[in-house]
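Shared between the two complexes below is chain A, which pairs with chain B and chain C, respectively.
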Partner chain A sequence: MRNNKLFKLLIVFMSTILLCGCWDIKDINKRSIPLVMGISKEDDEEYKLTLQIPIPKNDDQISRIVTGRGETVASVLGQIRTNSEDAVDFSQIRLIVIQKNLAKNPQELRDLIKFLMGSEDIPSRALVALTDDDVENVLSNINDKLGVHASSIYDYFNKGAGWVPEIFSITIWEVYRSLYSYTKDIAVPVVRSGKDTVLKFKGAAILKKGKIIETISPDECQLVNVFRNNNEKGRIESLGFASIIVTNSSIKNKTSMKNNKPTVSSNLRLKIYILERKEGITNKRIRKELEKLTEKRFYRLLKRTQGSQTDIFGFGQQFHQQISYHELKDWRNDYYPKLKVNFQVHANME
Partner chain B sequence: MTQRIQIVIVFILIQLSIGYLVYPDLIYVLTKTAHWELVMCQGFLQLILIWIYIKGLNYFPENDVIDIYLKMGRWVAIIFLIPFVINLIALVAFNIRLHTEVIISVFLPRTPYWSILILLYFISVYTSIKGLGTILRSSVFIFLIVIPLVVFNIFSSVINFDIHNVTPGWELPARFLLKNKFFYLLGFSSFLFLGFMASKTKLSFRQLFVAWVSVTLFFLSVVYIPLFIFGQEAVVTLTNPFLEAMDSVDISWFSFNRQTMFFGLSLVGLVIVANSVMLWMIGQIMRKIFKFRKVKSSYWIIAFSVISFVLAFLVPNQSLVEKCFLWSTGAQAYSMIIIPFTIFIYGFIEKRRVKA
Partner chain C sequence: MRDIVKEIESKFSNHDDLFIEEELVGKTTIYFIGFNTLVDLTKSKLYVQQMAASSSSVKALFINLSDQVGVDIEQILKAILEGKLVIVSKGDAENAIVDPIAQNLNRSIEEPKNESPIQASINAFGDDITINVGLIRKRLSTERLCHCSYQVGELDKRRLSMLYIKGRAPNILIEKANQQLKQIKSDIETIDDLNKQFGQRILSPVSHLSPTELPIQAIHSLKKNRIVLFMDNYPFALVFPNLIWDMFSTENDRNFPFVLTFMLRLFRVIGAVATVVLPALYVALVSVNPGIFRTDLALFVAKSREGIPLSAFLETILMVVIVDLILEAINRLPKSVGPSITMVGGIILGQAMVEAKLVSNLLVIVITAVVIASSAVVGIQNSLYIRLLKYPILVLASFFGILGVWTGFILTVIYLASLTSDDIPYLTFNIKQEGDTK
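The block that comes next holds the complex of A and B.
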């Protein structure tokens, strides 16, 4: 009996051997954790990587910017790792800002997205944004502003429902998916460094298999967002003689195929609240005007995208039932330009 | 009674362990549309085999598979079961290595793989040496930990779903039954261990049917979660679709900000149960067939686990691991067809003879 107890005790002590398994641990205060990564290309040759690393002191108000240059993104990441004072942990990157000059070359952008998706260090749920500006400016802009949190660039895209319905948040895996998808293209938000705010929203760039087709305005962004089943709640629209705020929205799509011609009828229902109006303007006029404005905006965007054969609204997704999978491959070229959409807006007072 | 439920739990856990990693990849390669039909097809085949197996086993109450084969003759047992043992050794080795690779990529990127390999091996060998009782009890424990995680994983990924990514319909290419990849798929239905545990408790088909339904639902979810998130076009380009699907979910509101963490943890639990059952099966077979040697089954288990450890250790890279794993499950499919049928036929003949 006594022997048995001794044996058990021995086993308990043996478990301390397992502690040496922790030889490669790095405590969290010995790591630097970048939040935002900027990628750009210099002189069409070298990749330049910019990292924004918050310094966890003084209420998180300061951060530092680290840059590196190299032939591939992976090599720059390694280089930054080598040169950094602490162990760099890329697993918390929340936003990746890509400079537009890199996005000019579709093949390069595709490779970049594939790399970011495949990389085990960088999480595929990080958000993506494009910028015309110099990436370093965008990231370092945060240090000039007073009272701005180090994580504010990321917070910018995550304001939550009902605050800014125009802003997109697109993650890496969504961009990756759109590289392969037969029936859906994607819009990536475009930002600039702002004068008094950290960022300025400039609209979105439509990507078709990694190629930037065109840029759309924030107003159109919000329309695209509606079709991605995001609520339009919180949107403020000014009609000249009145301004309204959308308090709720819902969209319903119905698809049909008639002798190889796809048709979608979609109904957008808006609940609005009138913020201000000039004297003598009736509710009805405001409603009609809003409906007309939204419909016009939609048809204009549809025509443009049909011309460039980019299905930014993802209408093709809804034809999975009518068109066989193998024919969907030609959705963008054969079906989408022929697509007819009956878009109707119904605005109601709250 | 309790033991029966425990066996059902082991059944579910083993299926989860094997189905989590390579199963969805296989499905995506086999068909581009109507994935559910393929899953159901595999499920029904499995159900039929289980039914035959249990029918066959019930001809011999108080006996397990090895006893039945020994009744047919020692050489018959050796011919049928030794290849099965070799197959099991390979399966243990590649299964554990595959899980190690995934665990490394999920949350231990800087740890060398041998240390994780040793840890997983040590625990599963220990459990299997302790015998059936320990396996069953620990499986209940692991079940209670793992199943909530699995369910949480499934439900939290709903947020990224795009229902339009999946083509509903019936258009399954009919020739898939002939492809050898489908044969691999069949190998994922591991139910053979049931016959090894059946000597004391008589298995009822009804309880297994419930387990089968839940496992099939799980398989459907494993196949459809990446599909709903990425769509067929993107999913075939990913090396580990289910893992990527889990990784796409942003749960920063939670104290663990990565969902893959849960996935990795549940894998650890699952692989331990699956491997300890397989090692235990090896031990049982060797002990009963070579009774005259008077070697304890634990020695057999240790000897064979060392072999499979070396095998797992020696595989140089991940793509080869996946290939080897597929081959060994494909080989498993042979035993899955042959063993139930031989037992059923033998039982049938035996019954006739007794009557006559």
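The block that comes next holds the complex of A and C.
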């Protein structure tokens, strides 16, 4: 009798082996893996979703563009799922490009970010970018360029420090976090489809609670990046009479509160290497000019952002200890405009 | 006392290799009785004649030859079966059991066949139990090395020896093992028969005993407070209890500088883990959780699997089974045919299956890595059981993906941790020195 039971158990076990992965499990080659998702709005009514799906069949990876329209992003996703030949697996989405016309309405953008964050299919580590262009153009641009991989758009944002210090990469969760942060606003990179390259970096848009306040240039982006503790290594600066490359950088911030007035003293140390210079230009002059230029650029940006009450540098983050939690709510309106920053740049020759 | 000879003759009437030779020593006729398959009669006769020349009487000769003089018929029969030479004097009560010059049925001390020590002594245990114990005694000359011998079995009395170092091996362990060996009723033919005596482990791939061919390894185990068993006519020392660390270390590693020893052992651990986890990880990543891959890798994997009709699990289990079949087939075949199977297997599996798009080339790489990794552990029995452990994890992985892989891995570890031999857990790293020195 006992033997019989064992035999039955064996049969059950054997059948599980044969049935393994026969219901909802799809092999990777049976899935469509979109890498980039474009979201735009047409006629202020319908959402248009564009997916860039690489076709792995060929040796030179090309990709196809799939679009869908619907009232909500979720419904479009479902629609694309239904119509797609393979099962669509959104887990590899690495970049979400949002057209700027959608971003005009803060409430809609906030809802979109919340949806993307909450959706289990779409990874919250996907990067976000804005574009003025038609999203479809940006995504389909990739197939027109020679020698470009399907994953190029994603690679574009991942060149890393040391190569392109001004490029931003902002993930969905960072944008989501900034929606609820009292003390930090976020800059989202803005791109266009390029003529020769797939993308063209146009700077960054400052988002304050889902509202685009203003756009900053790539030069200013790089300054913001420095305050996000990213290394400035690889930055090339042209001073007119000389051009230099930054080989290393570090920043130190000191905060203090006096009479309810926040003060930050920042020290940016740059190590530079002179690439070219006109005759008779001394090292000292180059250094002084660079320091002056960087400081000027910073104060200009600070003034602008203080005017619009958006703390793009995240200075408020450093006052969490000095200001009580209840008062932090008013950081943007009360404290930030009064903030004094003592920004000093020290450039050193290598 | 002619009737003893008669009785022996009638008892062994079905044994054609029994000899009863008459011989005249002085004035007395004596009979040599024994098996000519076990006793070298000519040489033994010569030996007895030489002894007879220096002995005054037959009685003195018998005493000179042996200390077992005038024994009863039972013992004589047993002695004949054991390959002894029995001498009986005609019409007299005198008899003696003599250690003869035996037919050489053992090979000499040879190199190990199952293990390949590098930069080490290459003497290996042989078939004879006394030689095996002697090999240990020679290398470990201390009075604390104790030797208990047993004769167990129903049909055939098999000789067993238990060696331990007094004061090193825990007393409780020695007592328990002693009890268990004494209680053996059935015949001991294989290690598994002996293994069962230490507590039945139904369906368990892990043995209580860890066989080793090398005296150095056996001595090291003795010094590490463990017991070493020998079976007659079995060229391995059986270390009891078997511990997991045996899989990763041999004493010969220590012939290298510490860093190299560490490296070797680390590789073995990596090999064992890779064998268990890699095929399952492949299935999990390719079919259940591709989201974990980096983008480039995901695209690459998708491309490599393009057009393959089998699901990842079927593909993997197919390859894993075929590879295990090949490994077994190589074992079974004569040495001259083995390499051709390797070649055919390698070419057919590696090349043709990939070109026919039956399995992805990525899987072939994974499987090759697994086969190599599984061979890195010490001892073929360990390699075999590690190869077995990968199957349940593979099945779990195909259901639950990464979660299944790690659940399976943890369950495996829990299972291994639950194993004990005589209350010593399998996952023990060091047995405490608990024995009395006195």
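Everything that follows uses one rule, which is that the second predicted complex is superposed on the first by the 327 of 350 C-alpha atoms of A that agree within 3 Å, B and C clash if a C-alpha of one lies under 4 Å from a C-alpha of the other, contacts with A are read in each partner's own complex, and residues count from 1 in each chain.
Everything below uses one rule, namely that contacts are C-beta pairs under 8 Å (C-beta built on N, C-alpha and C of every residue); 3 or more make two chains touch, one makes a residue touch a chain.
Predicted model, so just to flag it, every value in this text is computed and none were measured.
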Pick one for A:168: touches chain B only (first), chain C only (second), both, or neither. neither
Applying the touch criterion given at the start, work out whether A:123 contacts chain B, chain C, both or neither, answering first, second, both or neither. both
For A:35, decide between first (touching chain B), second (touching chain C), both and neither. second
Please indicate which partner A:321 is in contact with in the superposed arrangement: first for chain B, second for chain C, both, or neither. first
Quick one: classify A:313 as touching chain B (first), chain C (second), both or neither. neither
A:336 in the overlay: touching chain B, chain C, both, or neither? Say first, second, both or neither. neither
Which partner does A:176 contact after superposing on A: first (chain B), second (chain C), both, neither? first
Where on chain A do the contacts from chain B and from chain C line up? 21, 91, 123
Chain A residues touching chain C - in the complex, by the definition given at the top: 16-17, 20-22, 25-29, 31, 33, 35, 54, 56-57, 61, 89, 91-92, 94, 123, 150-151, 154
Within their complex, state which residues of chain A touch chain B. 21, 24, 91, 117-118, 120-121, 123-125, 171, 173, 176-177, 179-182, 314, 317-318, 320-321, 324-326
Chain A touches which residues of chain B in the complex? 32-33, 105, 109-111, 115, 162, 164-169, 171, 229-234, 237, 239, 244, 247-250, 258
Which bits of chain C are touching chain A when the two form their complex? 283, 285-288, 290-291, 293, 295-296, 298-299, 301-303, 305-308, 311-314, 317, 395, 398-399
